[in-house]
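Next come two complexes built around subunit A: one with subunit B, the other with subunit C.
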Partner chain A sequence: MKPAAFAYARPLDWSEALQLVASGARPAAGTQSLGPLLNLRLAQPDMLADLRHLPDYAGVTVTGDAIRIGAGTTHAAIEDGAVPGRTGAIMAGVARRIAYRPVRNRGTIGGSLAHADPAADWVAVMPALGATAIALGPRGERRIALDGFVTGIFETALASDELLRAVEVPVLPDAVGWGHWKFCRKIGEFSKVTACVLAVPGAAPRAVLAALDGPPRVIADASALMADTEAEATRIVSGFPELDDWRRAVAQTALMQAVAAASQP
Partner chain B sequence: MSRIAVSLTVNGEAARVEVEPREHLADLLRGTLLLTGTHIGCEHGVCGACTVEIDGVPARSCITHAGSCDGATVRTIEGFDDDEVMAALREAFSQEHALQCGYCTPGMLVTARDIVLRLPDADEARVREELAGNLCRCTGYRGIVRAVLHVLAARR
Partner chain C sequence: MTVEQRGFGVGASLRRKEDARFLHGRGRFVGDITRPGMLEVAFLRSPIAHARLLGVTKPQGAEKRVFTLADLPGIGTIRANSALPGFRVSEQPALAKDRLRHVGEAIAACVAGSRAAAEDLAAACVLDYEALPAVHDMLQAPLPDQPLIHDHWTMNAFLETRRNDDVSGLDAVAAAKVTRTLRTSRQCMAPLEGRGVLAEWDPRLEQMIVTTSTQMPHVTKTGLADCLGLDEGQVRIVSPDVGGGFGYKGILLPEEIVCASLAIRLGRPVRWLEDRFEHLSASANCREHHYVITAWADKAGKLLGVECEATVDAGAYSSYPFGACLEAAQVGSILPGPYVLPLLRCHTISACTNKPPILPYRGVARTGVCYAMETTLDALARKLDITAEAIRLANLVPPDAMPYRNLVGKVFDSGDYPEALRRAVAAFDLDAIRARQAAGEAVGFGLATFCEQGAHGTSVYHAWGIPFVPGFEQAQARLSPDGVLELRVGVHSHGQGMETTLAQVANEILGVHPDKVRVVHGDTALTPYSTGTWGSRAMVMAGGAVAEACRQLAGRVAAIGAALMQVSVAEVEVADGKVRRRDSDVFVTIADVARTWYRAPQNLPPGVDKGGLEITAGYRPDPDTGTHSYACHAAVARVDVRTGAVVLEDYVIVEDGGKLVNPMIVDGQVMGGLAQGIGTALYEEMPYDRDGQPLAATLADYLLPGTTDVPDVRLEHMETLSPWTTFGQKGIGESGAIGPPGAIVNAINDALARLGAEVFDLPASPSRVLAAIHAAKGGVR
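Up next is the complex of A and B:
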């Protein structure tokens, strides 16, 4: 199907982009999620603001113990190692399983986070990694913890006059345990359930259960899940009475599989 | 509806066109530039039939707006006549019965060429993983996978 008509703007600097968004334009990055919604007429914005030409929209910089990833950095760049170290290796593994390579070549990490599809990948993984969103608004940059960034289906903590500028992830030590398990019946399709577990030595392990038709559920201290996995996974999924039995069973499996992967030396 | 000016290079030739903001690249290629080798299937990024090369990498032309391609270099299936890898893939697709109706083939070939160049060590499992974004309803994929593996092996 063809999209409903909309106007198109291509801001070349951030202040112009902010003005466009404040006046109601829908920000667009790679359009790999928004494009389908436009074609299906599920989204009918009056105007798109194409952010792809903004300065420093894509790219990775490391400062001390933080890695700043420009919102316009593509999944393919992350898959190919744009993010360094153990953090980068974890993210590369996640990126490789997002949709398909031709989609990853244009889809961006910031676009995916700001779009906030509950079944998308970075909305599950970024809270697990302890990432921070860098929002840009009329009064400058603001930091928003990814734990709490996604507030609902296609809803985020970004204000209506803000853009997602970058996402900051910590430099993780080589010794961290990581588990990421998602259920797709076909490679590349949207996840039915996703679980992530990050175990940093000397810190409380963190878990995320996501793709459950709402914002990701962050378990800030997953020590009990690591210690008594099956019982605790059963308890966690019992907190989702709205899900079908099979989906709750898959969620339990996801948590157990992610813990198992994160527990491997 | 306002139209926007777009300058891009398609198969080595400069094109200056005016597009509607909602027009996607596949419609520009097929409708305006008459490059009908690019096929439109699902029109929401799942089937892969519309896959073309944009700035050197494969991308979905059905969820890429023509307006966002200002300054881009696009290569469609018609633009690979002199490409050595594509020639090998065409031959292998023919040998291995990797197509029947041919609807998926232009997108399949663009993806296959990317696999051959980007993942020279790919095994069958990896080839199948990488081909998952291109749907074929005729062949059952066996011939396509064999064709890609054949070209990979010949280049080692």
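Up next is the complex of A and C:
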């Protein structure tokens, strides 16, 4: 379990990073997912571009009603309160349950989203929060809604010459309802089913069902789910005929639990 | 014999001498050891479960760094033949010859300066093979329509055994009869440290020195010498610190043979370290059993008879030295468990499949057998509407029957089995659990009682037809000139704490402080021959041998000490590290004796015992049919009926290991075993697809219990001495891993009884538990 030989580059500015990626280098952030793939030789890039030394790669800035989180911000930083306000509290609660602390110390929010493992936590949570990805390409920055960012297993809307530079999340009012429920066989394991529900007063509630071996299923208006939860959850999971009975049963439970949590005052 | 408890001797919870190096990261494992000029090996392994191997194309320019079997002429095949009639012989080549029989089977050894470069070579090899249908299901394997894995066989089975008691009359007289079909999953032993081998040829000694992670160095030496065509003096096995054995490190590895052969051929040290991917994909080698079991009982729950059809998936080869049939052979003999059983009808099959060869994992067959028997007992109890406690009390061998010979001829040495059960039950507030159940909560209470034969000796292994039979265990006790006592033992300590417990035994006899006792193990050049550490035998066998050697040494020391004090031997005794006159406070220390013997012999009379201060003694209990420790495991489990997830709320073990040489170490052994038993019960599973491909090749898929998955166990000890061993100690190392699946699944089934649901297969994963609930809801069973 040793990786095949690869070249290693450490770009110090974004244009250099973009050039490396355009020439075929594989971007690497915390390498908590990429590392095992390299060791198993499931990934055999000719070159790794280590993004961790780019300016403003990590860090959080608030502008008006938006919070911009550098792609290189670690799960641990988010767990420890790097993101302010109600949004930050929600994200800290999610981060706390990502894998184990040593993984969170190195793993990054941007790396996780760009890697696009269907079972990853931010892949489920970011669309629920209404986040936006900030992609950087040869023609500058581009905004991509997280609803639709992950397009398949390990597939995203990023172009092959683009890098994920940051994620933007809204400043949420204190009064939002939030539910996040995932099923892991053990603490720290990848989720088998994740459901999130965000209920912002005065807006349509949003739900996400994720970790089902494909891109997250975003329910942009989850009013029906909030109102008639069990029946609607049953209907939603029946739309996953490829899953086995157990997975569908847990998915239904996940939706109901997330709704229940989001409904609490 | 009764042993009084003292500061450092038998019975003291002495802190482990070895922990300082382990806790400070100073342990020395094969992976920590390098040699100048050492080469690393990566194995090209079979990607397919069953095929005719037609050829290997080596990478261009690297032909001399890739070795197939043809490049290593003269190395023998691994053979572990059972003496039982009907056994079919398998020949396991060190590298595949013309047939591939399981995924991960080694085909070629690739040698380079680094492991990564060696893996590059392996990746660049091209295999030419003709795929054959894979035999992946042990129940189908022996059927006539299945492709044969070994061409000269008549069916895919190493062995069948039968015991044919007549149970045909039981239907007419029994108050209850239940039949269950049960399955346990294939597991990997998953020690923290994988296997590792460093082989080097010493031209001065003309000796192959193999540093390898093994729990049985001397048996490995014998097997390796045989396969290499060397005499045993030309092979030295060094087993340094070993990060968990569990049975996985009790076999002779094809990789050991290949590395040794390469070291001779290349004239350079070569090392192979097993990685986790290799372990998971090439060594899923234990625990896979299938039972169809029927039990009859009278209305009080007393067993009238048991009938069992047991199949063990033994994999593709019979591994050395335990062979392919140890599991199934044990199934037939341990099904009666700790109970009085009048009739047993049992048919076992050791099925041959395209999977890695089965190895004996901590508990060996007992974990599966205990699961089958204990869940069946609970099913009987539910049918009779009596409690799980009552049905066990109705059947446990009573203390006044000890020593008790059961219907298969096992002799239980001592113990109060019902008392262990009663104490375990008394540790819970069962009324509170019943009240929660009445309130609709899916919570349950489960029991498992069992006994564990350990340190079984010559008579037992001879009868099982195992290709090696243990005899007298030897230990050497030797004094250094400064009075330090060195104990040299052929067993290996890798978690058992023997560097401490054997020092305690010596202290018990000689009174030498444990700080002045060094336990030397893990090197065949330094230690007397032993079959090694397996079968919960070391504390009984090596403990007994060390005691015997120390006693004989005490006699020599007494003679010299008496001479120094100018009295007769009859007037002195050895205690507290001294030779003391019985009638006064006059003494000389053992260190004085040693110093005089080695460095000032002019002070001794010419007629003093000339045997010296190094003693090798042999020991075997009489009878040597084994000690029987026993335990009751009791669990409280809560089931989430929406997801099938199980939470262990509470766990109690009442355990009797006879005299506990170090109770703290026994606690650790039992807790470690419990964690592995929880793995068997709830998590661990290596599924194979129809093509014989292992589907859990990383630890993301092969789930091991973590710290948060193991509850704070409440441990209680009883200490009924074995009448047959030196201090009354019994083997207990495997015990913790035996009871959990039975106790936990019984708790789950108790929680689900209200729903009419029952779990049959291990592990009781969320999907299996939920399927059981759904099946009950649908009225399907």
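Rule of thumb we're sticking to: the second predicted complex is superposed on the first by the 265 of 265 C-alpha atoms of A that agree within 3 Å, B and C clash if a C-alpha of one lies under 4 Å from a C-alpha of the other, contacts with A are read in each partner's own complex, and residues count from 1 in each chain.
FYI, contacts are C-beta pairs under 8 Å (C-beta built on N, C-alpha and C of every residue); 3 or more make two chains touch, one makes a residue touch a chain.
Quick caveat, the model's predicted, so the values are computed rather than measured.
Look at A:36: by the touch rule set out above, it reaches both subunit B and subunit C.
Contacts of A:229 after superposition: neither subunit B nor subunit C is touched. In the overlay built on the shared chain, the residue A:187 is in contact with subunit B and with subunit C. Once chain A of one complex is fitted onto chain A of the other, the partner contacts of A:253 are limited to subunit C, with no touch recorded for subunit B. Subunit A is touched at more residues by one of its partners, and among subunit B and subunit C that partner is B. When both complexes are overlaid on chain A, the residue A:2 reaches subunit B and subunit C alike. Judged by the touch definition given at the top, the superposed model places A:156 against neither subunit B nor subunit C.
Legend: residue contacts after superposition of the two complexes on their common chain; A:244 is shown touching subunit C, with no touch to subunit B.
Within subunit A, the residues touched by subunit B in the first complex and by subunit C in the second are 1-5, 36, 40, 186-188. Listing the residues of subunit A that touch subunit B in their complex gives 1-8, 10, 28, 31-32, 35-36, 38-40, 48, 50, 52, 76, 99-103, 105-106, 186-188.
Within the complex formed with subunit A, the residues of subunit C that make contact are 114-116, 119-120, 123, 275-278, 642-645, 683, 698, 700, 703, 705-706, 708-709, 765-767, 770-771, 774.
Contact residues on subunit B toward subunit A in their complex (touch as defined above): 1-2, 4, 20-22, 24, 27, 43-46, 48, 51, 54, 57-60, 62-65, 67-68, 70, 110-111, 114, 129-130, 132-134.
Those residues of subunit A whose C-beta lies close enough to touch subunit C in the complex are 1-5, 36, 40-41, 183, 185-190, 244-246, 249-250, 253.
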